[in-house]
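Dropping the structure in here first, questions after.
The chains carry the letters A, B, C, D and E, assigned in the order they are written, with residues numbered from 1 in each.
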Amino acid sequence: MNFDIHVMIDTIWIVFKAVPRTFLLAAVILILGIILGAVLAQVKLRRIPIISTLVNIFVSYARGVPLIVHIYVMMNLLPDLGVSLLSVFGVTMKPHEFPSIIIVIVTYALLEAAVESENIRGAFQSIDPHQIEAGKSIGMTNRQNMIRIIIPQALSVAIPLFLNAFLKNIKGLSLAFTVGVIDILAQARFAAALSYRYLESYIAAALVYWLICGVLQTIFNRVEDKLKFGAVR
Amino acid sequence: GNGNTSTEETNSEAATTEETTEETTGEVVELTVAVENASNPLSFTNDAGELDGYEVDVINALNEVLEGYHLNIESVSAEATQVGLDTGKYAFIGGGLFKNDEREELYLFPEEYTGVSTIEIFKRADDEEIQTLDDLVGKVVHPVTPNGGIFNLLTAYNEENPDAPIDLQLGESGNFAQRFQALHDGVSDAVVMPSNLGANDIITELELNVTTADEPVQVNPTYFVLAKDQTDLKEKLDAAIAHLKEDGTLAEISEKWYNENMFDYELTE
Amino acid sequence: MLTIEGIEKSFSDNKVLKGIDLKVNRGDVVALIGPSGTGKTTLLRTINFLEKADKGTITIDGLTADCHNVSEREIIQLRRKTAMVFQNYNLFRNKTVLENVMEGLVVVQKKSAAEAEAIAKEQIELVGMSDRLNAYPMELSGGQQQRIGIARAMALKPDVMLLDEPTSSLDPERSAEILKVLQKVAKTGMTMVITTHEMNFAKYVSNHVVFMEAGNIVEEGSPDQIFNHPQEERTRRFVQELENPFEV
Amino acid sequence: MLTIEGIEKSFSDNKVLKGIDLKVNRGDVVALIGPSGTGKTTLLRTINFLEKADKGTITIDGLTADCHNVSEREIIQLRRKTAMVFQNYNLFRNKTVLENVMEGLVVVQKKSAAEAEAIAKEQIELVGMSDRLNAYPMELSGGQQQRIGIARAMALKPDVMLLDEPTSSLDPERSAEILKVLQKVAKTGMTMVITTHEMNFAKYVSNHVVFMEAGNIVEEGSPDQIFNHPQEERTRRFVQELENPFEV
Amino acid sequence: MRQVSYLLGGDAVDFGFILETLPTLIRTLPLTLYIFFVSAFFGFILAIIVAAVRIRRIPVLSQLMAIYASFMRSTPGIIHIFVVYYGLPVLLSNFGININNISRMTFSVVALVLYNGAFIAEILRPSYLAVSKQQHEAAISVGMTSWQAHRRVIFPQVVPIALPSLSNALIDLLKDTSLLFLIGLIDIMGQANIIIANSYGIYQLEVYVAIALIFWLLSSVLVAGLHALESYFGRFLRKEG
C-alpha cells in the first residue's frame, strides 16, 4: 500500500486553512436555520390553517429533494432574483457577478430550516404542558415563557440534534463547491491533485473533521449536562 | 515515497500473494482493474446499463492476448480509482492518465501508451486573440476543477510565469456542456480542456460558436497506471499492448470511439 | 374583588362546570370543597385562564373579561392580578428553589435581581425551606415542592391567590403553620380562593365556604352555616362524614 | 413479613435515612408519620429498590437482600412481592385508565387479557372510577389519578403494599371509602406500609404507628401509645398540634 | 437551437426528455430501496446499542462509542465509503483475513449502517432522556423488568419526541445511497449522473427535475408513514392539548 505519513501531516496543515471559513459558514447556516426552523415549527405545532399546509409543502420539498438539485436550482434562480432585487435599490450587477457565498448561505439556511423545524417540533413534544402553565400562571407573556421556561427545557433534547445538524452541514458544504466555495474537503482535493496523494489527503481531511467534532462534542456535552436540572440518571 | 515505503510494499506484496494463491485457476491470475464510471467516451455505463467505452474495449482486447493474467474491470468514481490503486485493491487503473514526475514516483507506467490526450484551448470562433496559453493572461478562464491534468498544467504555467499569471479560478467547472455554453455566451473567454472527452459532439449538438485554438497546448500519451509492485504484470502488459498496436486492434477501437486513429498524433514531449 | 358569572366548561361531551356564579370580596378567604372530580381545579384554572371557559364572565379588581372572547393582552393583565398554587406543584424544572420564587418578580414585575432575591428569600423562610435554596425541584420531597409552590405565589403579592389543595402533601404541623401564614396575608387584604380537602381548615380559617358537586355549587355560606346548619341534604351527608370518618 | 435493618441513605452529603430498623408482620397496617422532608418517601422507595440504600438489609417474605450488593434478579423478585402507590401518582402517561391497571397483570403476572380486564375493572369500580375507563391520566383530576394509582397497586394483589400518602388528594368522604377498602384488604393478610399526614387514619385504621423525623425513627408503637401516651417529647409536640391545629 | 441551462432564465424544460428518463431512473429503484431498508434496519439497531451504552455510561465502552459517534458523524460519507471499501481489506489482510471478494453491496451497506447509526444514536439518546424517570419507576414498581418497562412504557413515549428527527435522518439515508456511486453501484442518483455524463450535461436540468420528482415522492411516502406512527404513539399527547 502506498501511504506516506509525512505527506499526510503536511496535508493536514493545508487542509486546516479551510477550517475557519468552513466552520464559520456552517455556523451561520445553522443559526439562521434554527431561527427560521423555530418559526416553522411553531406554525406546525399550532396548526394554523393554510400557512401550516404551505409550511408542510416547503419542508417536504426542502428535505425530499437532493441537495445537488437544490444547489443547481438556486444557483440558477438566485442571481437573477437577487440582481433584480438589487436593481430596485439602484445597484446594478450582472447575474454572474452575484456573490456565490450568498447563494450558498441562502440555499443551505433554507434547507437547514426545514430540517430544524422537525427537530424542534420533536423537542417541543418532550415538554410537560404543566410547565407552560406554571409560567403563564405567574403572569409571563408567551414570549417570556418561551425564553425562560420552554426553550431551556427543550434544549436538552435539541442540543445533540443541533450538533448532528452542524456536522451534516459542515460536510454538506462540499457540494457548495459547485458554486466555488472551497471547504475542507475541497482543500484536501486540491492537495491531492497536486501531490497525487489521494489516500493521504482524504485521511488528513478526515482527521481535521474529526478534530472539529471532538472539540464541539466536548463543549456540547458540557452544555447538555448543565441542562439536566438535578435529574441524574 | 520516502521513509516507510519499504514496509508498505511488503504489505501489498503479501496481499497480492494471497490473491495469487486463492484466486488462481490454473496458470491465470485474476486481477481487478478500475476505470471511471461516468467518463464518456473513455468508460461509462451505456443506455443498456452496461459498462462501455474506449478503455473498456481496450482492456477486453488485452484479456485476449495477455499472458498469465485475467483482468476484471470495476467501474468506480475517478477519486475511487486512485484510492483503490493506492491501497492495492486495483492492479491498474484507467481514466486517460498521463505521465508526470509525481506519478512516476508513486506508480509504475507501462512503456506502451494506450491513448492520447490533446489539451486544447477552446474559444469563441470569432475571437482572434487567443491562440496560446500566454494569450489567456487577463482573460476570463472558465473555472477549473482541482483534480486532474488541466489544473496541474495551468498551475505549472503560473509557477513558471509568476509576474504574469493566468487568473485561475478554482471551483466545480460544471458539466462539459455548461462550460461551452458559458464560453458561447461570453461568461468566460476560454475553456482549457482535453479534446477527447466529447467536446466536438457538444459543440455540434448545441450549435455553439466555439472552436479550438489552432494548435493543441499539449498532446500527451495516456497510460494505464500500475501499482508499484506489479512489475511482472507490467512486462506482460507491455507485450500485450504492443501486440494490439501491431495488429491494428487499438487503431480500430480508436476509430470506433473517436472517429480517428489517435495513435497518428505527434506527441508534444 | 373577584366575580364570576355563568361559567360553563366542557371537555368534549363531559360537562365539568355547569354554570358557576361566585362573588368574592377583598380579603375574603373562600374555601372550595367537594368530592374528587367535581370541577374545583377546573374552576380555579378557568379563573386563571389556563382553561378557556365555554361561557361566562370573570371580573377581577374591576376588570371584566368575557371568557369566550378575550384577548391575549387582557388575559395577561388579569393573570397578573392573580397567582396560582397548583395541586401538583408545577415548579419550573429547570430552575432552583430560589430561582423558582424569583422568576416572577424579575421577569414579570421587573424588580431588580437584588430586590427579588430578598423578597424570595423571605418567602422561602416563611415556608421553612431556607436550607434548600439551590436544590432543583427533582431533588425535593413532595411537601417541600408544595411549599415552594406556595412561596412562589405569595412572593408575587397578587390581589387574588388561587390555591389548589395547598397543604395536601404537608403534615398537620407544617400545614397549620402555612395556613396561619396565609391567614395573616389575608388580613392585609389579599383575597384567596382555596380548594381543600382539609375540612378543619375550611371550618376555622375561611370566612366563606363553597360546596361544589358535579360541576354545580350546591351550597355556600359561612363556615358555621355549612358545617353546623347545612340547608341541603347532600351537604349534610358530606359534612357528616367528617366527624369521624375512620371509626369502623 | 417485612423486615428492614440498618438502612442508611444519603443524597450527595445530605444524609436522609440514618439507620432505620423496622419489623412488620403479615397483615399489619403500619402508618409512617412525620414532618415533611423527613425521609418517609425515601424509605418506601428504598424498600422497593427504586432508591439504592447505602447500607442495610431488606427482607420480604423470607427473601433477604443486602441493599449494597443485590442482583437485578433479586430486585425483581422482591419487587414482585410489593406494589407501590406514588405520592405524585406516576400513572403511565401513554396508557388509559384501564390499561394502567391492566398493565402489570398482563405483562408481569402473565394473565390473559380477558382475565386482566376483569380484575382491573373490579378494582377500578372499588375506587369509583368505572365511568372513566378510557381516559388518559392527563384528563383526570388529581384525586382521580390518585385513585387509579391505588387501583393499579391493589390489582397486583402483592404481599406488601407501599402507599405514599394515598389519600392526600381525596376528599374526606372518598378518602374514608378508600381506607375502608384498604382495611378490608389488610384483613385478608396483605401487609401495608402507609405514609400519611392524615392523623385520623393513623389513629383509627393502622395497628402500628411509626413516627419519623430527620431520617430517624423517633418512636413507634400502637396508635394508642403514640397518640395518647407518647414517650418522647418530640412525638408529644407533633401529636398535640392535631387536636385543633387551625383554631387561632 | 437548444440552449443549455446554466441559467434557467428563458430556457424551456424538455418535458419529453423527463418522461423518457423516468423509466431509466426508476429501473434502479429496487437497488436504492433495498440498500435503504437494509441500512435503515441495521443502522437503527446499531443506534439503539450505541445510545444505550452512552445513556448507561458503561465505562470504556461508553467512551469508545463516543469516539465512534464523533468520527462517523464528523467525516464525509466519501471518506467512509473509501475507508470501508478500500481501507478495511488492507487492515484485515494484515491479520491474514481476505475480504476482497465480499460484494460491493455488502461494503456499501456496512458503510451506510456505520454512518447513519451514529446519527440516529444521537437522536435516540436525548429523546430517551427526555422521558421522565418517574415513568420508568412506575413501571418497575409494578414488577416489570427494565426491558418490559422500556418496551411498554418508555419507548412509546420516546417515539413522538424522536420521530420528527428520525424522519430527517431517514430522508438523509435515502439520499446517502447516492454515495455508493463512488464505488460503482448504480442507484437513482448514480443513474442520473450517468445520463448527465453520457449527454455531456446537455440534459442536466431535465435529469434533475426527474430525480427531484422521484426523491420528493419517495420521501413524502416515508414521511407520511412516519407521521402515521407519530399520531398513533402521540395519542396521549394530544389529549394533553
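Everything below uses one rule, namely that contacts are C-beta pairs under 8 Å (C-beta built on N, C-alpha and C of every residue); 3 or more make two chains touch, one makes a residue touch a chain.
Values in this document were obtained by computation on a predicted structure and should not be read as measured data.
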Shortest hop count from subunit A to subunit D along touching chains? 2
Neighbours of subunit D that also touch subunit C are none
Report the chain whose CA-based centre is farthest from the CA-based centre of subunit A. D
With chain centres taken as the means of their Cα atoms, state the distance from subunit B to subunit E in Å. 34
Averaged over CA atoms, how far is the centre of subunit C from the centre of subunit E? Could you give it in whole Å? 51
Taking the mean of the C-alpha atoms as each chain's centre, how many Å separate subunit A from subunit E? 18
Do you know which subunit A residues sit against two or more other chains? 1, 128-129, 199, 202, 231
Sequence positions of subunit D contacting 2 or more other chains: 88, 138-139
For subunit B, what residues touch not just one other chain but two or more? 11, 15, 79, 83, 86-88, 174, 187
What are the touching chain pairs in this one? A-B, A-C, A-E, B-E, C-D, D-E
So, in the complex, the side of subunit D touching subunit E is made of residues 48, 50, 72, 76, 79-80, 82-84, 86, 88, 90-95, 103-104, 107-109, 136, 138-139, 152-153, 156
For a test of understanding, state which residues of subunit E touch subunit A in their complex under the given definition. 5-9, 55, 66, 70-71, 73-79, 82-83, 86, 90, 119, 122-123, 125-127, 129-133, 160-165, 167-168, 171-172, 175, 178, 189, 204-205, 208, 211-212, 215-220, 223, 234, 237, 240-241
Going by the contact rule at the top, pick out the subunit E residues touching subunit B in the complex. 1-4, 6, 24, 27, 78, 81-82, 85-87, 89-90, 93-94, 98, 100-101, 181-184, 186, 190, 193-194, 196-202, 204
Show me the residue ranges of subunit C that touch subunit D in the complex, using the header's touch definition. 11, 33-38, 41-42, 87-88, 139-144, 146-147, 164-165, 168-176, 179-180, 183, 197, 199-201, 203-205, 238, 241-242, 244-248
Residue ranges of subunit B touching subunit A (in the complex, touch as defined): 1-5, 8, 11-12, 15, 79, 82-83, 85-88, 102-103, 106, 143, 146-148, 151-152, 155, 169-172, 174, 187, 227-228
